[in-house]
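Here you go, one structure.
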Amino acid sequence: MVKVGIAGASGYTGLELIRLLVKHPEAQITALTSETYQGQRVADVFPSLAGSIDRDFSSLDPSAAEDCDILFLALPHTTAMNLVPGFLKGNCRVIDLSADFRLKSPQVFETWYSVPHNQRETLSQAVYGLPELHREQIRKARLIANPGCYPTSVILALAPLMTTDWVDLGSIVADSKSGVSGAGRKPSLTTQFAECNEAVSAYGLATHRHTPEIEQEISTLAGREVCITFSPHLMPMTRGLLSTVYINLVRDLTLGELDRYYREIYKNEPFVRILNPGAFANTHYVAHSNYCDIGLQIDVRNRRIILTSAIDNLVKGAAGQAVQNMNLMLGIDETTGLDSPGLFP
Amino acid sequence: MVKVGIAGASGYTGLELIRLLVKHPEAQITALTSETYQGQRVADVFPSLAGSIDRDFSSLDPSAAEDCDILFLALPHTTAMNLVPGFLKGNCRVIDLSADFRLKSPQVFETWYSVPHNQRETLSQAVYGLPELHREQIRKARLIANPGCYPTSVILALAPLMTTDWVDLGSIVADSKSGVSGAGRKPSLTTQFAECNEAVSAYGLATHRHTPEIEQEISTLAGREVCITFSPHLMPMTRGLLSTVYINLVRDLTLGELDRYYREIYKNEPFVRILNPGAFANTHYVAHSNYCDIGLQIDVRNRRIILTSAIDNLVKGAAGQAVQNMNLMLGIDETTGLDSPGLFP
Amino acid sequence: MVKVGIAGASGYTGLELIRLLVKHPEAQITALTSETYQGQRVADVFPSLAGSIDRDFSSLDPSAAEDCDILFLALPHTTAMNLVPGFLKGNCRVIDLSADFRLKSPQVFETWYSVPHNQRETLSQAVYGLPELHREQIRKARLIANPGCYPTSVILALAPLMTTDWVDLGSIVADSKSGVSGAGRKPSLTTQFAECNEAVSAYGLATHRHTPEIEQEISTLAGREVCITFSPHLMPMTRGLLSTVYINLVRDLTLGELDRYYREIYKNEPFVRILNPGAFANTHYVAHSNYCDIGLQIDVRNRRIILTSAIDNLVKGAAGQAVQNMNLMLGIDETTGLDSPGLFP
Amino acid sequence: MVKVGIAGASGYTGLELIRLLVKHPEAQITALTSETYQGQRVADVFPSLAGSIDRDFSSLDPSAAEDCDILFLALPHTTAMNLVPGFLKGNCRVIDLSADFRLKSPQVFETWYSVPHNQRETLSQAVYGLPELHREQIRKARLIANPGCYPTSVILALAPLMTTDWVDLGSIVADSKSGVSGAGRKPSLTTQFAECNEAVSAYGLATHRHTPEIEQEISTLAGREVCITFSPHLMPMTRGLLSTVYINLVRDLTLGELDRYYREIYKNEPFVRILNPGAFANTHYVAHSNYCDIGLQIDVRNRRIILTSAIDNLVKGAAGQAVQNMNLMLGIDETTGLDSPGLFP
């Protein structure tokens, strides 16, 4: 059994990691930290876990990594940054679910996050933890930068097209719709029930921090710099994230060709499902699962591809992907502990 | 008092018309038809209206228009088509909330609705009932084709740009998100609570029938044929419709310039609210009201305008706009009976 | 025009008061206070009100009442207590929506609210503002203690039975279900969307502070002390409150007799609707309205009456009832500004 | 591997059985019937299951049981009744999720279901499948009548008290709140999203068919006939069922005593969790799990016990309990395939 710890275990991402790891056949939870709930029983804070785990939350201290083979960090952005080098000193490997090590360029990080990146050496070792793109590097990594939820859905939708010459790379628009759990568990006015129920709204248009993360990955695939318009929206539901992605064709292409191409690209991916032609992605079908469903359409009149990509923001968009990365790092079956179907209804 | 009738009064659009008209100071409801509920008391079918109306639903017959000054038709598509010429024979004026008289071209109608338009003469008299574009014609019209909900939100967002030379008219993408009431009151699997709760999904991508309606109006404004990609999505909420509209700039433009321009264009419009720069539209703030809120943003990195446009699909997207049209036809204040603020929370 | 002020105008109750009063034909808002938003435009804080009001929020100061004929207090419990005597010194009348003046007995107040009541003289002048019970006193009152949302629904359901000898007064159970807006606008973990969506839960069983308020009013009607079990529950919806109330019969009674009796009792009440026999109350039909719908049933096998009582917690349960009280105090039609039907769907 | 079939596999209960059984380590699905979808791939009908199952729906025929060790029936009430005797002729054992074999008395069945029970001999062999009460009989049974969702929550809450002399058995009121999925997947107006969203309503008060089922089981425990008032309510959520149960004490009892007693009674039950004193049940914490959470409270002023009992209506209230019964019948660990924690948020 591998010993795993979760730092910041009382947020929604941390909680989802607990849920997945308590049933994981190869992992044993040895540490759960929470500043808010230190000293309290996990099952008292989260009654959903009663019967599944019998531990207390502890405070995060620098030695947290000593007793772990794998340490998951579900901490606020910029908190993880300065802790990771210390955690990596021993034998522990780290999967960081914050944004701190996702962007390869410290300059790009500073531009979008408004603070300098002061752990550049560690940054250079981090692997962007999207298994569909970086599986081999993930296996050998000591530090994984687990992708954001929006980037996971958008990159998986776009990746196959980035290596073709079928599309206009300057025309990409990603219009994403996320459930409220993506905003985290810290109480705020904007995530109060009465504020966001019966409400669909846009936020962070053209300025959201997940933009450079998407651009970094698709630019690498395309072999040149690609800029996109990324538009997040808040939906009145707890979980689920749907991205509708638009990109102009520069040649004629049939839906059948597109469908065959995507199926070929993703044929060995256990968690990517290409929908039947004519079907569009629906967050309901991936709820609580690690799947990413991708739907394909061509707007023939406008010579434009329309991709729909649905994930559960807390699973494939966060904790599930982190466990998938752990499985790869441990050399075990990538789907271990992650084989739940989507929960519908 | 003007005598008004509603044919098809037991669907959500019909019900919303009743709600608005029972409190309208200049209108008196003289007929409410419903094939499903004929002979039943309105307040027994809709207990929300108990105390507000004391009438029965009747069956629709060809003489329905005889006792009305204004007849609202909230009937299924293609049902209205053949009834309207008869209704117009007397003095009654008709506001048709179906799609049957919205498209000026019978060929375009047949292409998108898969049936021929067999009332071409009547069609030629119909006025597209978007007051912000066709106010003067509406005042004099005998037949109003009340706009669809999606077109209302998209056209109001795009209209000001159509008469400029700032944008690439071939680059328009409208990504729209609608509440479930837009699908009507007829029971179906896709609108069952357990199917669409906690679900965000796309449907009708590149094929939805509201596309030609949008294109007709913005092409007229632009003075040339404009094609758009229109993508409807279903949201887990009852009411509200948000359109996020993308269009490429062909010159530099600041957000301040854009804001001033939109405010100038809409300065006399009682139901269009331009949001503060930096604010994006939210369906919650227009709920149950006749407002259309428009938010403006420029994606400078990509030289692209992003418009957000929110309405209540049953009010400004249907019944409220129909009453606004009625007010214009009657020569009374356009806001009569429609001055409710958005209902938040 | 009567000059009205609202202290604490940026909570949900205050906001609902604004919504109702901006359209009230006899009232003119002259002051809106909010410590959180002082100096900000109301429509910037609540974009739903743009176009309906053009004012700023101000800070609450002791002279707030000087320029008002009626002052509504939507302040936290125990804050209102010490402010009211000062407000009453001039000609202003006060409608307090907190619990501070609802309980006639300072001892009972202290027992349930854990603080002493230190304005006993003012307390003795307060009138409990449930028009269906205390209409004549309300007309003449200078200080109204506006009822709580739960008590409004439970008292209106039970009141007619309290003056009969049909029931066992020791057997009353009120099981109430409320939407989340009843918990107020202050961010908290329990009212976060992701916590209370898809969740039905009980809270405050046998200990909720609305219990003595209900008992006070029904005991007065019964002419003897009546104790009840009151159980509040939190529902995954924004607005609406349903109480299901159980009381044992001590004689045989038919549903027809019960129905006729309730209709007789409430025949002149503009905001109480007795549902058809066999119909049960549904919060959806009273949404955004000032109605209280009451459904009647008899469990013949158990000789038990089951009452269902639905209100909108922010309207008849708070702001709407406060305006109803204001109308009575002003000697104008009780329904002025409150005649909206329930908003369905 | 045990061969299992599901008749009526395309309703919500059938779908939930598929979800649980595809991951069950001891079961192999060999037949899935659906009249609506026969001949279609399961994953085309339910995209959530893509990647988890590769089968078609078939039509139900009398030989359905021949190739199964265990046959689950998720058919409409009264359909199962006449099919079961045939299915039992071979070696197959049957778990019927309808109400047809739950009531021991054919007379009681006829009274509440309005049709005669015409399979009395088979009825006499059926075991009521609530493991907490009938575990030993279930192990040996050939026909299980799987309990209703409401009865499961109410019986588990009340059972411990039925064998004491602490309570007044004539005073029981069960006020239950269910998510919409409990009404099944067949489209109907009452379960349309726009009808039941933002709506809490009562239905079937004093007449619901689950009443005699509850009474049968608690009467058996009490050793005398017990009648209850049972009140179901519909909640705006997909899954989850909370019952709040009231019963008068006939002696003094502390919450501590009650807590110790319930913990003792349920100490070996893998799926019953007694909440900490002062905590009340919340459907969110049992979502998608087989747990029943029970909260305890004493209303001292009224000498009344208040129990709260939460389950997932489709799991412990239907499919999960059926799998639990299957595990018992197979002699394997009762929790096999059912050990998921509650899914929160």
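Per-chain residue numbering starts at 1, and chain names A, B, C and D are given in the order in which the chains are listed.
Here, a residue touches a chain if its C-beta (ideal position, glycine included) is under 8 Å from a C-beta of that chain, and two chains touch if they have at least 3 such contacts.
Fair warning: this is a prediction, and the values are worked out from it, not measured in the lab.
Among the remaining chains, B is positioned farthest from chain D, on the basis of C-alpha centroids.
Should one ask which of B-D and C-D has more C-beta pairs in contact, the pair is C-D. In this assembly, the C-alpha centroid of chain A lies 36 Å from the C-alpha centroid of chain D. Between the Cα centres of chain C and chain D there is a gap of 38 Å.
With centres taken as mean Cα positions, chain D sits 45 Å from chain B.
Touching of two or more other chains is recorded for residues 12, 179, 181, 194-198, 236-239, 282, 284, 287, 345 of chain C.
Against chain C, the residues of chain D that register as touching in their complex are 170-171, 173, 175, 177, 179, 194-203, 205-206, 227-229, 231, 233, 235-240, 242, 244, 246, 280-284, 287, 295, 297-302, 304, 306, 308, 310, 345. In the complex of the two chains, the chain C residues touching chain A come out as 12, 179-181, 185, 187-189, 191-198, 236-238. Chain B meets chain C in the complex at residues 12, 15, 19, 22-23, 44, 46-53, 181, 198, 238-239, 270, 273, 275-276, 279, 282, 284-289, 291, 293, 339-345.
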